[in-house]
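The following pair of complexes shares a single chain, chain A, combined with chain B in the former and chain C in the latter.
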Partner chain A sequence: MEPLLVVLQGLPLTLIVSIGSFIVGAILAVPLSLGLRTSILPLRLICRLVVDLLRGVPMIVWLFVLKFGISSPEFRLTSLEAALLGLGTISAGYLAEIYRAGLQTVPRGQYEASQALGISRPIAFFRIIAPQAVRIVSPTIATYFIGLLKNSSIASTIIVAEMVFQAQAYARQNLSISGVLPYVFAGLLYIALSVPIAMASRSLDERLRKSVI
Partner chain B sequence: MQFLPTLLVGLRQSLWIIAAVIAIGLPLAFCLALMVMSKHRLISAVGLVIVEVGRGMPALVILYLVYYGLPRFGLNLTNIASVIGALAWNYSCYCSEIIRAGILSVPKGQLEAGQALGLKPRITFLRVVAPQGLLSTIPGLMGQTILAFQDTSLAYTIAVPELMKQAYSLGGESFQYLRVFVLAGLVYAAVTLPSTWITTWVERRINTAY
Partner chain C sequence: MDTQRNESEDFMLELGAITKSFGKNTILHQVSLRVRKGEVCSIIGPSGAGKSTLLRCINLLEQPDSGNMSLNGNFYDVSFPLRQDELLSLRRTCGMVFQSFNLFPHMTVLQNVVFPQRHVLRRNESEAREVALKLLDRVGLKNKASSHPTQLSGGQQQRVAIARALALEPKLMLFDEPTSALDPELAHEVLDVMRELADSGMTMVVVTHEMNFARTVGDHLVVMADGHKIEEGIPEAIMDHPQQSRTRQFLSAVNH
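Let's look at the complex of A and B:
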């Protein structure tokens, strides 16, 4: 039982890192996705470069930059802060791309119709365009969140005491065969955690579909 | 800048790893896709378990299981073999789902047409269905490969002298962590960004071909 308890000790931090960085990413991705669609060319190119860099640099490198690179006597991020900021900004890059793809699927006629009805642009965007886009990309976002949950394991490399970190500590102390059990449990727990997310996403998707018809 | 030559040595190691992962992973992915699609219940179930476990667990956990777990059962792998094995499994599971979706996207009529023309099922699959289905999977597989290349940085945790590990050593020697890690990130980006652009281009070309 002990190996399982060891892993469960790390569960709260796994959840905090994945949910926290998802929230950070979901918020930061809004301006970024708008930047990807703006007609102001320099701004669009900058946003494109930022998104491509966030998606193109390995997570572990980015986390090490934040945790070990940015460190001076006056300013230093804790491991958890670095993990939330690092995984959050990377999520922003991926989610911005997902939002952009969603916005693109909303037909142009919707913009024109709202204009013809005299609805102001911000209201048209937030009340008419964005809800339709959200409906289309909600399964993709759920898939991304499941990926993020698994990627939160990389936070163990900057000493965030989440599930993999706990498993590692246990395995170092127990050199018998059962010493690797925490890894097995951690792996199974990640799978077990993604099942309810996938189910919730499916029922949300169905509900959103129904609400349209 | 004086760090660049050492980092490039690390990059070469990273590229070797990803080359091996592709060479093992892609054929494996194809086999797994066929297993999952098999009409034989048992084969399909086994394939599904392999794929779902390989996709469901984080790559880092798979890596630790292979590197720290297998030796306890008397199977000793070098750290490079461990990272190649672990990433190849993870990569092939994701790819097998892409391949399966690609093959399933070929209309059923193609199979029926093959049958009507008197082609053997095997020939119909290999010469008619697979080429069409696999073409559409190319951008997806390329994207997955870019992600797998980034995952080679996980090998740092088991002391494989790849790009990330070299950066960490350089940082330890010079205490210029910020500069070294940013430079390492740029070296990764120098590979991944052009690859992403090529992927987008290929995707556009394949879409217009239909």
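Let's look at the complex of A and C:
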């Protein structure tokens, strides 16, 4: 059971990196998605460029740049900070695109009804348009989160001691056949984490679909 | 002079030479319109006549290219976009009912009627709920308060939309083909609510294809074609003795 216990030691950091960077991304994606839809052309182009860059850069490259590229004596990111910032910003790029798609599917009539009622633009956006958009794309967001959960293992390359890092460390010290065991356990743990998320997202989606579409 | 001033006080809405084009297409050619307080003004005409666009120019869902407007005693030059506060106050004077209902699907029926009151009139929750329940009762849907809009028939949704607009105490109600998306049977229940609203003294501008409603409930009839107002007057008079050949053509097409 030793390999399992070793891998389990990495579980908290796996959760911290995936949930933390998801939150960072989910928040940063709000202004970005608005920027993708603004009628102010220069702003839209800048947001489009940022989103495309964030989606285009390989995670491992971006993490290395943040962890080892910024190394002045006064300012340097810890491994965890670099992982949260790196995976968070990349998530922002993907989530901004998902939000944008969601916003696009909200019918024009919803904006018009809000306008005709004299509801101010920010309130209309946050209370009427955005909730409907999020409901429509909630399965896509869940899928992205599951992907992010597994991609958090890339943080092991910048020495964040999450599950895969622990598995590697154990395997390096136990070169026998049991060396593969921690990876098997890590794999099973990822599955054990993702399957409930997928199931919850499906049932949530079914419930929301009844009330929205 | 005196009679003129008195006369203009009688009007809830005066549109002056409203012109609107989309690209190269001119949808409205200098359309003027006056609606007395408490009057039901029906706008009819073939599709593409500019009826809905004219209605949407009243609460500035469409920005006219030029023209002016007097609404409930306030004058607006609508050749340019209004300031945000002017725009909000103009829209608070008008309630609007859409062809596609446009209820908020993520809220219950009650929340649909409560939410705008909370944010536009800043009513507190209990007062807003009280007003909402009273209005839902008036449109016969108090028992649906906790349902979601998608669980309602089209006719029921449209009645909720009317209650939602009325909750903000508009001086003028705009109806944009309110029954066009409904089966005749369901249209009936919406028309009944509108009839009751007209009887209560609400000023209404109704874009409609319901000739019977325009004739029996309407006080004033406007016929539009190709972006022009071609004829207006007392509904019976126009329907029985249209002066314009374009009106005759339209009426005979509708009556078949």
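Note that the second predicted complex is superposed on the first by the 209 of 213 C-alpha atoms of A that agree within 3 Å, B and C clash if a C-alpha of one lies under 4 Å from a C-alpha of the other, contacts with A are read in each partner's own complex, and residues count from 1 in each chain.
Note that in this section contacts are C-beta pairs under 8 Å (C-beta built on N, C-alpha and C of every residue); 3 or more make two chains touch, one makes a residue touch a chain.
All values derive from a computational prediction rather than experimental measurement.
Q: Who wins on chain A residues touched, chain B or chain C?
A: Greater contact footprint in residues on chain A: B.
Q: Check the residue A:150 against both partner chains and state whether it touches chain B (first), chain C (second), both, or neither.
A: first
Q: Name the contact category of A:57: first (chain B only), second (chain C only), both, or neither.
A: A:57: touches chain B, not chain C.
Q: Answer with first, second, both or neither: which of chain B and chain C does A:140 touch in the superposed model?
A: Neither partner.
Q: Tell me the contact category for A:131 with respect to chain B and chain C: first, second, both or neither.
A: After superposition on chain A, A:131 lies in contact with chain C alone.
Q: Where does A:118 make contact in the superposed view: on chain B (first), on chain C (second), on both, or on neither?
A: A:118 contacts chain C only, not chain B.
Q: Between chain B and chain C, whom does A:171 touch in the aligned arrangement: first, second, both, or neither?
A: first
Q: Which residues of chain A touch chain B in their complex?
A: Contacts found on chain A: 52-53, 55-62, 64-65, 68-71, 150-151, 153-154, 156-157, 164, 167-168, 171, 175-177, 179-180, 183-184, 186-188, 190-191, 194.
Q: Quick check: in the complex, which residue numbers of chain C touch chain A?
A: Listed in rising order, the residues of chain C that touch chain A are 59, 61, 88-89, 91-92, 94-96, 98, 100-106, 115-116, 119-120, 148, 150, 164-165, 168.
Q: Inside the complex, what are the residues of chain A that reach chain C?
A: Contacts found on chain A: 107, 109-110, 112-113, 115-120, 123, 127-128, 131-132, 135, 210-213.
Q: Okay, in this complex, where on chain B does chain A touch?
A: 52-53, 56-62, 64-65, 68-69, 72-73, 146, 150-151, 153-154, 156-157, 164, 167-168, 171, 177-179, 181-182, 184-185, 188-189, 192-193, 196
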